[in-house]
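One chain, chain A, appears in both complexes that follow, with chain B as partner in the first and chain C in the second.
Let's turn to the complex of A and B:
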């Protein structure tokens, strides 16, 4: 009896010692109570070294869980990550509404400029509607070039383009082999598509496809983290990010395969979009987003067949014509969208009373400003460089006054490549 | 055993020692359990010192609240610095209060002068004690 008592007490000591050892090695959680949720989160226990994702999303206000999901009180990686939304990327369009949506966030009304999700998920860059329509028409599957299909089924009841819905593009196995090959090989570059293999093509999906920089910008000290974790959102989108889709080759319609660029461009002029295209100096010196505005890039909430249906920026938008100065607007409303955009990417200190350029649809080019000498300045949205915008009016331009479209400007101003 | 301690006594001594250690460990665990403290309730009352510390027209930011105490000709005004848009901490600028997150701006009365916020900053209750001490309450 005494022997068993001794053995039992020994076992008890071992058990208690194990408990004490485990307690002494237990992870000390780092608690965060974001002001927006008021609920404690332990994510920083492991992720305290992550950079703040953007000045608009401070971790003290948002925390992690409101965007990423996950188990906020878990102290093991597997459990904490078991309910993450979109894996490491909560902006993927499959979960974006839950992660980024909300009336005060990114799925609010257009009147408060917070309809980002509605615009982006109906934009050409996501639907790929024009490419799909062209391919289906080319191979006889559709009678015309009208857009009927997209990379996912999408509705836009308020669409003003005449297209209010698109069906999911999912060709039947018995379809033309070219159509099947297109579906298999050629949908990598819409926003929800998985990028092609290779570092130069790498981008995330969803909002992060554009807003999370995965490419090193030449001439900067930017480096990518060795972990592959890029915790950053920005509206200062460099052309290098656009290049992950728009500059790495072409799709061969005969074989329905991607043909990668074979050249190795070493300067900015050649490291810019399609090798066959012609550019004026500002088109390759600036960044894509300096001309292609938020509406052109992210859509306006309507469904379109192709990019040219919504792309409307012309050279004359900034440079005017022989007869007219460019369209401008003087900032009198402190709630103007231009101030919101300038606040997010403060390359220019926009003030009430400033006069800025606007597009023909009165979309503000908030990174421009009329100077006291009558000239205009433009700040590159990604690099912050300042440029003076030359005006056509009063210049030596000899173009036919009736031909002031961009194509006509290119006849004289394209740079030889 | 040759040392004079019998095997029985040795085992008894070992058993008692083990049980004593187990008892102490168990007691330590119980004391730790009893001594465990829950998260303290957030502070709602802040002593900001004597009113003589604040010159007329002064604007003093208290990041720990966070709030700004403004001495006006009529007395003291305390504004919460929690932005009414999404809860970021508003910063004091020469021309008013600005939210660094989304650009909302407020005047010195807390009124919105620039969206996206639509609600004014919260006014906090200010009590002045009989000896001139200023207390700000956030609840």
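Let's turn to the complex of A and C:
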């Protein structure tokens, strides 16, 4: 018996040594106490290699949990990740209000330009209202082209367009087969839609669909981390990100299927998105967001019937007309939206007293500037390149002065491929 | 060698045949040992656990992930509790299958049954203290079962839950029950139970006239055997605690829905399975209570073994009791397995 006691004690000692060894080899947690929450979180224990998402969201201020959710103290992946909002993407519209919202963040009042969520979730890029309406009208399900449906039920009480709500587009099983095929094949073009399979189509959903770069920009030596680890938010959105949706091919209206483009464009000119479009040099040399302003791309908080109801930028916005110079504004208010946008994406050093171009809705084209010699310059928002903006006034333009819309400009200035 | 305090807790000698592992299965002694482990680890846990809905889960995660050896302490508490339940059931079956409950030990048998009920409630309340998503089913189903009892159900629910639904009042009540109410009663009853073992003449053996010169062992040998069993049990507990962590899920929130795979704690799976049959009061309260009453009344309802048969496995005298108890346990086992099957 004494021998057995000795053996058992020895075994217990071995077990205890194993436990002490195990404890001493436990991961040393890396603590972070973000100033916004004041609550310790240990996500960096595993994620210390992750790049800071953007200079507007410093990790020391925001930490991880305020956006991503998750169990801030857990040191096992399963438990830590069990309550993540939106999986790896907290900006998905199903959770965006919790992740990105808040009066001081992205669901504040329009007057402080912080109504991003309201604008983006009602924008035509999310509702897809125009495509749905024209499909329903074409196949006889609706009497006109008015927008009634969207990819999800959406409300916009303050909408100034006359449309204050759209219902969820969910055609009954007895609907026209073409409408059913459209519903099942063609709804992955909106922001919340799952992208088509294939690396060149890949983007996240929600805010990250545009603001998280998932594509390599040609001409840069940038590389992409694995899909789940692209930890970046930017307002310098390259055309390559827009291309994940807007340059993929076309929908065949007879079969209601997506026809991916077959060519392999090697330059920007041939990478321009519409096979039959008329377009001019700035439309393929600049980045999309250089002309398509924040309101055009993200909406203005109202619900619209179709894309053309919110798109308003014309060639003359920057180039003026035969009679007039483009509309400008001199920066006098340090709280002007233009300064905030220029600070987020500092391709230009905007100062008080600078004169910039503004659109007909008085949106600042903050990446433009009137120089002392009377010429206008533009800095590409994504690539940073500098351009001088040619003016129509005083040029040899022979267009009818009453026809100064973009389509008329394209008659002479379109580029041939 | 002079007997120490621990030797004096034991009788000077006990019958060798009934002191063997194959007779006692070491169940009673291990139960006492596991209770000691539970008290020590439970006290350590109390230094970190915060019994409020928004802090409970966080404080457990702090203990598990950040406090040195904190996870080990929690795992030890968890595994000791699981084993205590198993060891207590083995102890009960041993007593029934050897007829050890026969007079004069009927009252101590009842004390043991009462301890088993306390143990079930202790396990259940400790489980609820996790206050994470893993316990949602047990919390909702368990408290609603109380409500299903006619006449007193609503009052019982109010006492147990402290509101119209589980919340902060519920958690603090389960906490108080777990560390104070139930534990205090259980410790006193366990002391009484152990005292009664000696008062009733130690382990059940035939009266002296019917014994044929059976050898006895000293309390020194008995304590050595107990120490050996404890060393082995402690080693096993430590190994399990080091490598198989106790379950932990995200903290309970009011908004998250009940998942379809939600399960009761394992010792209540048989009740969960019966609840699928319908009437919650009948299947969730009456039937389990009837099973408990039936088990408790075994010494009073069924023939007892004869004095000469005591101290042996499966005496003929109480066959009926063995069959009833065996049948009951097999039924509970089958129901538990059914509850674990994915399709059920």
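The criterion applied here is as follows: the second predicted complex is superposed on the first by the 400 of 417 C-alpha atoms of A that agree within 3 Å, B and C clash if a C-alpha of one lies under 4 Å from a C-alpha of the other, contacts with A are read in each partner's own complex, and residues count from 1 in each chain.
Convention: contacts are C-beta pairs under 8 Å (C-beta built on N, C-alpha and C of every residue); 3 or more make two chains touch, one makes a residue touch a chain.
Since this is a predicted model, take the numbers as computed values, not measurements.
> In the superposed arrangement, does A:261 touch chain B (first), chain C (second), both or neither?
In the superposition, A:261 touches no partner, neither chain B nor chain C.
> Is A:410 touching the first partner chain B, the second partner chain C, both, or neither of them?
neither
> Looking at chain A, does chain B or chain C touch a larger number of its residues?
B
> Answer with first, second, both or neither: which of chain B and chain C does A:270 touch in the superposed model?
The answer is neither, since A:270 touches no partner chain.
> Please work out whether A:200 is in contact with chain B alone, chain C alone, both, or neither, and reply first, second, both or neither.
neither
> Taking the superposition as given, does A:18 touch the first partner, chain B, the second, chain C, both, or neither?
In the superposition, A:18 touches chain C alone.
> Name the contact category of A:5: first (chain B only), second (chain C only), both, or neither.
The answer is both, since A:5 touches chain B and chain C.
> Thinking of the overlay built on chain A, is A:47 touched by chain B (first), by chain C (second), by both, or by neither?
Neither chain B nor chain C is touched by A:47.
> Under the stated touch criterion, which partner chain does A:232 make contact with: chain B (first), chain C (second), both, or neither?
Neither chain B nor chain C is touched by A:232.
> Can you list the residues of chain A that touch chain B in one structure and chain C in the other?
2, 5, 9, 12, 16, 19.
> Which of the residues in chain C end up touching chain A in this complex?
Those residues of chain C that touch chain A are 58, 61-62, 65-66, 68-69, 72, 221, 224-225, 227-228, 231-232, 234-235, 238-239, 242, 248-251.
> Within their complex, state which residues of chain A touch chain C.
1-2, 4-5, 8-9, 11-12, 15-16, 18-19, 22-23, 29, 42, 71, 73-76, 79, 82-83
> Touching chain B in the complex: which residues of chain A?
Counting only chain A, the residues touching chain B are 2-3, 5-6, 9-10, 12-13, 16-17, 19-20, 34-36, 40, 55-58, 60-62, 104-105, 112-114, 334-335, 339-340, 343-344.
> Considering the complex alone, what residue numbers of chain B touch chain A?
Interface residues on the chain B side: 11-12, 14-15, 18-19, 21-22, 25-26, 29, 39, 82, 85-89, 100-103, 105, 113-116.
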